[in-house]
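Below is one structure, written out as structure tokens, with a few remarks after it.
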Amino acid sequence: MLDYVTSYLKSNTTPGQAGNLLWAFIYIILIFLGLSVAVIAMNWLERKILAHMQVRLGPMRVGPHGLLQPIADAIKLLIKEDIMPAEADKSVFWIAPVLVVITAFTTFIVVPFGPTHAVTDMNIGVLFMLGVSSLSVLGIVMAGWASNSHYPLIGALRSSAQMVSYEIAMGLAVVAAVLMTSLHGVGLYGVAHGAVGDGTLSMIDIVKAQQDQHAWFIFKFFPLGLIAFFIFAVAMVAETNRAPFDLPEAESELTAGFHTEYSGFRWSLFFLAEYSAMIAVSSIAVTLWLGGWLRPFATWLTGETWDLVFSLFPAATFLLLALIAIVGTLRMPKHPYFRVQTIGLAGFAAVLALIGIVLLMPPVRDRIQDIYWFSLKVAGFMYLYIWYRGTFPRYRFDQLMRVGWKVLLPVGLGVLILTAIVGVLL
Amino acid sequence: MTDPSTYISHLELGERDETFLDSNELIINMGPQHPATHGVLRVILKLDGEKVLGTECVIGYLHRGVEKIAENRTYAMFNPYVDRMDYVAAVSNGLGYCEAVEKVLNVEAPPRANYIRVILAELNRLASHMLWLGTHALDIGAITPLFYTFRDREEILKIFEKYCGARLTTHAFRIGGCLYETYDGFEKDVTKFLDFVTPKIDEYEELLTTNRIWVERTRNVGKISGKECIALGVTGPVLRASGVRWDLRKAQPYAAYSEFDFEIPIGQNGDTYDRYLVRMAEMRQSLHIIRQAVGKIPEGPIMAKVPKVIKPPVGEIYHSIEAPKGELGYFIVSDGSTQPYRVRVRPPSFVNLQALDMMVRGQLVADVIAVIGTLDIVLGEVDR
Amino acid sequence: MTPVATPFFFYLLSSLALLGGILVITRKNAVHSALALILTLLALAGLYLMLYAPFVAGVQIILYAGGIMVLFLFVIMLVSIEKSQREEQFNKQWIAGLVAAVALGALFVRVFVKSKALHDLAGMHPAQLPEQSNTQEIAVYLYGNYMLAFEIASLLLLVAIIGAVVMAKKRI
Amino acid sequence: MVPITILHYLIVAAGLFVLGVVGVLTRRNVVIILMSIELILNAVNLNLVAFSRLWGLHGQVFAIFVITDAAAEAAVGLGILIAFFRNKETVNVDEVDLLKW
């Protein structure tokens, strides 16, 4: 059994490529669980971070520092009465949230958490991700239409128009990055060897290309890579309907947009889909521009010592979190009323510390590194999402369209053309 | 008063306007339960996609018959009721009412009372503007300023509570002056608050004034010219943002306003952005006034000689003050008895709300929200 | 990427595609028809993947399911469908149409049963396509052999955009 | 189990094609007729891709052209549909019996 596991771990392919159904299944389960945990954590973190930006405390009652709040919310949503408007189109109303969730989760099939940590590696990986995530617009249109109500319909129309428009800019930025996989670049931007190599759409190969070229694509052909990344970073916020592009669910205008009529479990599916879509597009951004699972300073800080230092990061992170939790435990009010919470927080700290210690072990340490760096970069994007939400007012619909069509699209085209010219000529 | 639930709008719903692609117009009911209508305002919107073809405000969901109640109460008994109209600026309401009755009675509040009145009224203006800023920004999608302004407004409410025991509907003034003497350390508290809040206003401006999205969302939105404002009777910051230098505190000084040095901020374009800037400047001016007043509150009585039973002579009077939202006027008809024959309130929100249709026609749904916010209406005052 | 359990997936996807097709032409509600068509399109994308045409599958998902069908749904929402749902669903000459279609179907069946050439096809060994560089090969064809056709296609799209705008908007 | 050959794909394509033809010939709703045309185009595409498995990538390239065509056709067709609906307030194809009005 153990031999089988280690033999697989040493095989250096993704389960999909190896045609190994069992491992593919295990990976799917792992990703599903991981995503669910991430969404729950994200829920708590968003409330906490946003609250602290807004000079308040956020959830504090359910569990120590509100740690159990998302779980309480999940339970509340699940046992809530499921309301379906009388005039709604029953079947479509039913399918819409399911479709949105399925598309949000399906994209994760090709997300490479590490050189071998992906369900499969498609040679159209990026195309697949963009395509499947563009399907979620169908679910949103269906939800808005099936509710048979004005606000959801306007929300759905806004949302679909927005997603279709920003997909184009997004696609151009992606193509620019894909183009970079084939251009090694010499001369002015010279890293090494000139020839035009093979381009690829595969997520894993894109990261490998960044590894081979010793440059994350965000820094490649400076500033072209940076501009392409910036276009993608803007378009991806619009694509996931988050602030400041959250018009489809603009609370002050359309009450809740396309999911106004949804409640309970169905609503929670939309919630789940929104957050997993955020993680999905962030994963694309990380893969294409930020070097995926590669650790930072891979070319500058080389050598055994640095490798060791960087491999200690995952454990250090968890130990730091544990330390924060311990400090929190010590600062808990010394009152019998808080005893359960204090014990809970101490237990949480212990779990974090345990994970940290497990991550210190050399075999685990080496294996987990890729996933750690990938997740850390994605987490950075998640923080950005929250930050935007706390800072920006909402765009108006015409302004949104103007930004999409008149700014991002031409700039994206220009970057694409310049990338090609720079790559071939220089 | 029509029954709001059966009310049919005059939007010519059957008539077809020219729409893009000749699609059907969409009639949308915004409110009375809607997160951005600041209460129970119901706006019927006729839309061509996102474009507003026309609006119709349906009001009266919060109608409590305040003016009718006045006819069955003595002058002093009616005083607390006015606080319930514009409940975010209760002090100003009370000030206007007390001064109107004093005018009928022909008494004058003593200078010390006037100073206290000015300080509290200006604090109240600050509180009202802060609430406006928070909710307006929230409507446009910036959620953070709301919490900042509520934090700082809390300090004002604390001063109110210390002064008269109530936070929101204060009933701080009585006919003829003030009931309560300032508590020990009132001046210190107010000064401390001034020092606390001055940088905070910069903080709000830092978040919004140069924020690209904020500027794009508010500039050239809900434009209204000074002429149109005057034609519609629109007053307050909305009028001033359209470039008309009209402030009752300067034009017909009441209380102790003639003794202070302050400026009337005005705008040029009369758009939502200018109204924002004007209100921010007004907050600074209020601070300036309070700072002057708090240093030199004169000694003396706080109550003029007012008979126990208030029985004004027969006559009528119109007295108006500059409330945070505009000109707040009281028209009082006295028949010589202990109860007013008629009290008519000229609420600024009600009059300003008229401008909504003119301001949003041809703009987008999102602008309706912005304009409702920028008009700074309080439904308690609109419906009375 | 070796497809696993090929026959199973083939039968699953093709039955889904055919089921979607049947639903498209039988539903009263145009939105339901559109959703059924999406089902067909996605099943076909799966079939393309099985035929080692990943790029076509990707384009199918992005363009067809994500683009064209959204357009369809938009238009269905723009034209009110309540009225057309209450009306007769089939046109005046539906019998003639059905007969013609069935005749076509019968022709297909006969061809499939009798044609020797087709049965030879079944025996033919599929060409071993370079699977990894499939997308690149397509690009080479598109920008090489079919350059002119590619440019004409872009012109066609331009004409279609202008035409659609002109027709949908009465006054420009 | 019978191994899946090109013939199987052709049979599926033929089935889709017939379904599309039935839809075009019998339905009254223009939107559904347009969708039936999409079905027909997809049947052809399936054939093309299936054949490309035998004779090289030309079939796939052509399938991409067909998808491009389908996009253009949908845009123009739906544009006509909107113009038609505006004038007649219906999407019934039987009502389209005038060349000009």
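Labels A, B, C and D are assigned to the chains in the order they are written; within every chain, residues are numbered from 1.
Definition applied: contacts are C-beta pairs under 8 Å (C-beta built on N, C-alpha and C of every residue); 3 or more make two chains touch, one makes a residue touch a chain.
Every value quoted in this text rests on a predicted model; they were computed, and no experiment measured them.
**Q** Report which of C-D and A-C is connected by more C-beta pairs in contact.
**A** C-D is joined by more C-beta pairs in contact.
**Q** Averaging the CA atoms per chain, pick out the one whose centre lands closest to the mean of every protein CA shown.
**A** Chain nearest the overall C-alpha centroid, as shown: A.
**Q** Using CA atom averages as chain centres, what separation in Å is found between chain A and chain D?
**A** Roughly 37 Å, centre to centre.
**Q** What is the distance, in whole Å, between the centres of chain C and chain D, each centre taken as the mean of its C-alpha atoms?
**A** Taking the mean C-alpha position of each chain, the two centres sit 6 Å apart.
**Q** CA centre of chain A versus CA centre of chain C: separation in Å?
**A** The answer is 32 Å.
**Q** How many angstrom lie between the CA centroids of chain A and chain B, rounded to a whole number?
**A** Each chain's C-alpha centroid was found; their separation is 45 Å.
**Q** Counting only residues that touch at least two other chains, what does the list for chain B look like?
**A** 21-22
**Q** Provide the list of chain D residues touching at least two other chains, using ranges where the numbers run on.
**A** Within chain D, the residues that touch at least two other chains are 82, 86.
**Q** Of all residues in chain C, which are in touch with two or more distinct other chains?
**A** 55, 59, 67, 78, 134, 168, 170, in rising order.
**Q** Note which residues of chain B are touching chain A in the complex, please.
**A** Residues 26, 28-29, 34-36, 49-50, 137-144, 146-148, 151, 207-208, 211, 213-214, 216-217, 364-367, 369.
**Q** Chain C touches which residues of chain D in the complex?
**A** Touch list, chain D to chain C: 1-12, 14-29, 31-32, 34-36, 38-39, 42, 45-46, 49-50, 52-58, 60-61, 63-65, 67-76, 78-83, 85-86, 89-94.
**Q** Using the touch rule from the top, collect the residues of chain A that touch chain B in their complex.
**A** Residues of chain A touching chain B: 50, 53-56, 150-151, 154, 157-158, 243-244, 246-247, 250-255, 389-399.
**Q** Name, in rising order, each residue of chain A that touches chain C in their complex.
**A** 16-17, 19, 21, 89, 91-92, 95, 120, 122-124, 127-128, 130-132, 134-135, 137-138, 141-142, 145, 153, 157, 160, 164, 167, 198-199, 201
**Q** What does chain C use to touch chain D in their complex?
**A** By the definition above, chain C touches chain D via 6-7, 10, 14, 17-18, 21-22, 24-25, 27, 30, 33-34, 37, 40-41, 44, 47-48, 50-53, 55-56, 59-60, 63-64, 67-68, 71-72, 75-76, 78-79, 81, 83-84, 87-94, 96-98, 100-101, 104-105, 108, 112, 118-119, 121-124, 126-127, 129, 134, 137-138, 141-142, 145-146, 149, 153, 156-157, 159-161, 163-168, 170.
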